[in-house]
Amino acid sequence: MTLFVSLKEAIAANVFDGDVVALEGFTHLIPYAAGHEIIRQQRKDLTLIRMTPDLIYDQLIGMGCVKKMIFSWGGNPGVGSLRRFRDAYEKSWPHKLEIEEHSHAAMANAYEAGAAGLPCAVFRGYLGAGLAEVNPNIRFIECPFTGERLASVPSIRPDVTVIHAQKANRKGDVLIEGIVGVQKEAVLAAKRAIVTVEEIVDNFDDVHPNACVLPNWTLKAVVQVPGGAHPSYAKGYYERDNAFYKAWDPIASEREGFQAWMQENVLNAGPEVFASRVAFTQAQK
Amino acid sequence: MNYTATEMMTVAAARAIRNDDVCFVGIGMPSAACNLARLTHAPDVTLIYESGTIGTKPDVLPLSIGDGELCDTAVTTVAVPEMFRYWLQGGRISVGFLGAAQLDKFGNLNTTVVGGDYNNPKVRLPGGGGAPEIATSCGEIFIVMKQSSRGFVDNIDFMTSLGHGKTGTEREALGIKTRGPSRLTTDLCIMETDPESKEFIVTSIHPGVTRKQIAENTGWAIRFADQVVETPAPNDTELAALRALNERTARAHAGQ
Amino acid sequence: MTLFVSLKEAIAANVFDGDVVALEGFTHLIPYAAGHEIIRQQRKDLTLIRMTPDLIYDQLIGMGCVKKMIFSWGGNPGVGSLRRFRDAYEKSWPHKLEIEEHSHAAMANAYEAGAAGLPCAVFRGYLGAGLAEVNPNIRFIECPFTGERLASVPSIRPDVTVIHAQKANRKGDVLIEGIVGVQKEAVLAAKRAIVTVEEIVDNFDDVHPNACVLPNWTLKAVVQVPGGAHPSYAKGYYERDNAFYKAWDPIASEREGFQAWMQENVLNAGPEVFASRVAFTQAQK
Amino acid sequence: MNYTATEMMTVAAARAIRNDDVCFVGIGMPSAACNLARLTHAPDVTLIYESGTIGTKPDVLPLSIGDGELCDTAVTTVAVPEMFRYWLQGGRISVGFLGAAQLDKFGNLNTTVVGGDYNNPKVRLPGGGGAPEIATSCGEIFIVMKQSSRGFVDNIDFMTSLGHGKTGTEREALGIKTRGPSRLTTDLCIMETDPESKEFIVTSIHPGVTRKQIAENTGWAIRFADQVVETPAPNDTELAALRALNERTARAHAGQ
C-alpha cells in the first residue's frame, strides 16, 4: 500500500508552494515533526490555518514559509507571545505576513462546515465583537424562521491538512484518542491529508466502536514518527515538554539566535530525532 | 495565617462559584479558582476546559488545556466543534471566566491589540480565542484580573469580547439573553455589576486595602457601593487547600 | 440523588399532555418500556418526533396519545407499513393525525441544531425534492459568501426526549455505545430528558475517554429497565426480536385485535416484564 | 447451475460495484448486492449503512441498519448527524443505492404516497428517509428494483427524490454536480442512463428474457440501446458466494 511513505515523501507529494495548509492540534498532538519537514523542503507562500498556532507556526513564519495566517489565538500557551509571528506581522521580517483572525467558535464551526462539504458555517457568534468590523469574512444572515441574526464565516477547506495521531493499523486507518480537538474535521475538510503516528499496530480490534478513527481512504499518507508531536503531548505516550515551551521564548526573541537554532535543530536534523527528544523528556520525570 | 494578595484574589474568586455551576475554565487564575472551589465548598461543580474535557477533576493545575489529566479525570471528552456548538452555544455553561490585557468599567475586554489600530497595532496580542462567544453564551461572566491603571482603562483599544457595551445597553440591543460580566475579582477588591448602569462598582474590599489604592489602580472614575464590606480573609481551610494544590502542581511540573 | 426514580415517576414528572416528545433510537436502543409507560399514563395531544418512528409510535398513535408526528421514515423496518399510523392518518382513527415530514438529513441536522442551541439548521438538501413544496418548514437561504442556495429547517427542541441506553454509573452519567444514532443530540436539544438503562455500574473508569457519555446534569431522570428496548436491540445485551416485528403486522392490522393486545401487554403490564421478554429472546437463540 | 431471477438481479447489481467504491447501502437488495461484491470481486469496497457504520463487513445480511454486527465489523461507527453531514453531504460516497415504489424513466423516485395527492393520499408509504439527499450527494446512484408496469411508471405520484428531473435537465439547472441515477438493475435487464437525454435505456438483457417482457413490465415507452448485450449468467463463484451468504443469513436469523 502506497499510503505508508517516508515523511519526506509525504510532504514532497502533498504540500506545495502557495497551498492552504492546516497543521492542527488543539494543544495536544501537534504535528511538529511534519512542520519541520515542510521547513526543510523550503515551501513558500503558504496560507497557514490553525485555531491555536503555537511554536511550530512561529518556526514556519520565521523561516519565511508563510504568506498568511488564519487563526483564533496565536500565542505561546502559558508563556507569552509568539515572537517570530509578531516580528513578521509588526516588522515584516523575514517578509510581510497577512492575517485573518477569527474566534475559536468561528474556526471550530468553519472546520465543521468544511468537513460537511458546506460553503459556510452558521452559528450564534461575534455579537458585539470588534472582529466583525475588521474581518470581511465575518458576515451575518437571518434565520428564515425566527429572523434571528446569525454569524456566518466561510468554511475551511485546506489544500492539505497535517495531523499527528497515536496509532495507525496495518491498513492505514488512524486512531486519535483523548483531546481530539478539530483534527477529524480538519482532515475531512481538506483535499489531501497527511498523518504522522506514534505507532503502527496490527489492527484496531480492541478499539472502542465509537472512538475517533479516520478510515485509510480519507488519507493520502501515513508516516510513523515516534515522538512526532514533541514538545507537545501525545496522550498515552508522553506529556508536554513544558521546559521547551519556556525555552522557546528566548530562542525566538532575536532573529540570529532563532536562525541558528533552526539550522542546528531542524535544517540539519530529520524526523528520527523526535524519538530521542521524547525519551529525554520521559527520562527527566 | 498570612496570605498573599494573589491568594486573596484566588480565594475570593473561588467563593463565588456555586456547587451546581457549570464553569468554562481558562488556564491560570480561573483554573486555580475553579479547582479551589471544587476542593472546598463546591465538590460537585462541573469544570469544562475548551479543549473538550467535561466534568474534569485534575489533582494538579494543568499546564495547558491539553493536559492528559484533564481528559483522564473527565466524565467525557468531546471534539472541539462539539464543545463550541453543543456545550457553549447550546447554553449549558452557567459561568464563563475571562481575563484580558485591558478591560473597561462595562466589562468589555481586549486581548487583541494595544496601541495603534487593529491593522497597525503597537503590540499584537494573542487574540480572542474563545472569548467573543464565551462572553455572550455563558449564563454570566466572572472576570479575575490583577488590578492596575494600565489594564483597567477608560477606553479599551479593541472590543475583543462584549461586556455590557460602550454604554451599558448593547447586550439588550443585540438581543443577548445572558447576563454578561457580573463580577470582577482583583487582588484589591471585588466589584459587581450595577443592575441599572451596568458599571462595575466596588462592593467588597480585601483586608488592608484602601479606597485610594483601588482608585489609583483603576483607569476609570471608580465607584463604590453604598454598602461596601470587607472581604473575609482566606480562612485556614481555603488557604490549606490552595497551598496544597499549588504544591502538588509545582511538584508535578518540577523541571518543566 | 433524585435523578434515580421509578419509570412511573419519571414519566409523571416530565411528560405532560400537549408536549413535544422525542423517543429516539435509530433502529437500535428504542425506548419501548418508556413509551409503554406514556401510554399507561394516558398522555394526550402529544407531538411525537422521530427520524424512524416504528412500532412504539404505532402503539402511541393507535392508543390516541398523539396529535401530530414529525418524522422522516415511518415504517416497520423489513416488514412493511405502520398500520395504526396509516389508519390514523388516512382514516382519522382513533382521531385525526397531523404530520410534518422531512428527510433523514433534515431531521439529523435539525437535532444537531437543537443541541447547538440554534433556531435553524442549514444544510445542502431537498434539491428538487417534492417535500420542499408541501412542507412550509422547509425554506432556503443563500450562502453569504458563494450565493449557493442552501436548505434550512427549524431546529428540533423537544419539551422532553426519552432514550434507552446501555449503562448509567452511580452518579447518573449515561453511556451509549455502538450505533449511537441521534440520541445525544436529542437529549441535548430537549428541555428535559429521561433515560432508561440496562444496567447501573459503579463507575465509568474503564470507558473510553471519547465514548458517548451524557453527564448527569443534562438529565432529569435515569431509570434502570433491563430489556427496556425490547423488541429492538441493545448492543452488548440483546439482539432484535425480529419475530416480534413480523408479528406486529397482523396484530396492528385491525383495531380490535390491536386494542386487545395493548390491554394485555401494555395496560395490564409494567416495565418489569421487559426483562423476561429479553430473556425469552435470548433463550431462543 | 440454475438460478432465479432474483439471483440474476443481485449478481448483475453486484458486478457494477468497483473495489474502490464507497457505497451508501440500504437494507434488502442493495445490501445483498454490495456484500456479494465485497465477497467476490471487490474485497476492499467500503460499505456504509446510514446508521453510522463505516467500512462494515457483516458475515450475514443485516435484519436492519441497527444490527450489532454492522457496528462490530466496522472501521468506525459515527453518530447519525455526522453520517449525514461529514460523510454523505461531505461528498465522500461514490455510489448510493436506492429503490422505490415508483420510478420514472429519468430515475425520479417515489416512496411517499401513491394515488390522490400528498395531503390526501390513497396509500401513505413510509416516506423518503435518506433518499432525497442520497440522490443528490452521492457520486452516482444505482437503482435495484424488480421490474413491473405498476412500479415503472410514466409519471410518479410524488417526487420523493430527484433523478434527472421531469425533463432530464433539472440537475444541471439546480447546480447539482453529482451524476444522479446512472444504472438501473432489474430482474429482467440492466438499463443505463443515456448521456444526452438522461433517460434509462436498456443496455443488457438477462438470459432468456425477451424485449416484449421488458416492454410489458415498463409503464413508459421503453428504449433499447443500439447495442444491447446479453447479461452474462451468474457464474459458479458468484452463485456460490450469494447462496452461502443467504444460507448464513437464514441460519443466523432462524426463528426470527
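Letters A, B, C and D mark the chains as written, and numbering starts fresh at 1 in each.
The rule is simple: a residue touches a chain if its C-beta (ideal position, glycine included) is under 8 Å from a C-beta of that chain, and two chains touch if they have at least 3 such contacts.
Remember, it's a predicted structure, so these values are computed and weren't measured experimentally.
Counting only chains that touch, the fewest steps needed to get from subunit B to subunit C is 1. Remark: subunit B and subunit D have CA centroids separated by 57 Å (rounded to whole angstrom).
Inter-chain spacing, taken between the CA centroids of subunit A and subunit B, is 28 Å. Measuring from the averaged C-alpha position of subunit A to that of subunit C gives a distance of 40 Å. Multi-chain contact residues of subunit B (touching two or more other chains): 71, 77, 85, 89, 137. Shown for subunit C are the residues in touch with two or more other chains, namely 112, 116-118, 123-124, 148, 178, 180, 184-185, 209-212.
Under the touch rule stated earlier, the contacting chain pairs are A-B, A-C, A-D, B-C, C-D. In the complex of the two chains, the subunit A residues touching subunit C come out as 116-120, 122-124, 137, 139-146, 148, 150, 152, 154, 177-178, 180, 208-212. Interface of subunit A with subunit D (complex): residues 112, 115-118, 173, 184-185, 188, 204, 209-213, 215, 217-218. Of all residues in subunit D, only 20, 22, 46, 54-55, 71-72, 74-78, 85-86, 89-92, 137 touch subunit A in the complex they form. Interface residues of subunit A facing subunit B in the complex, by the touch rule stated above, are 26-28, 51-52, 71-75, 77-78, 81-82, 85-86, 89-90, 101, 103-105, 108-109, 111-112, 123-131, 134, 148-149, 178-182, 184-185, 212, 232-233, 235, 239-243, 246, 284-285. Looking at the complex, you find that subunit B touches subunit A at residues 27-28, 50-53, 63-68, 70-71, 77, 79-81, 83-85, 88-89, 112, 118-119, 121, 124-133, 135-137, 158-162, 165, 170-171, 174-176, 253, 255-256.
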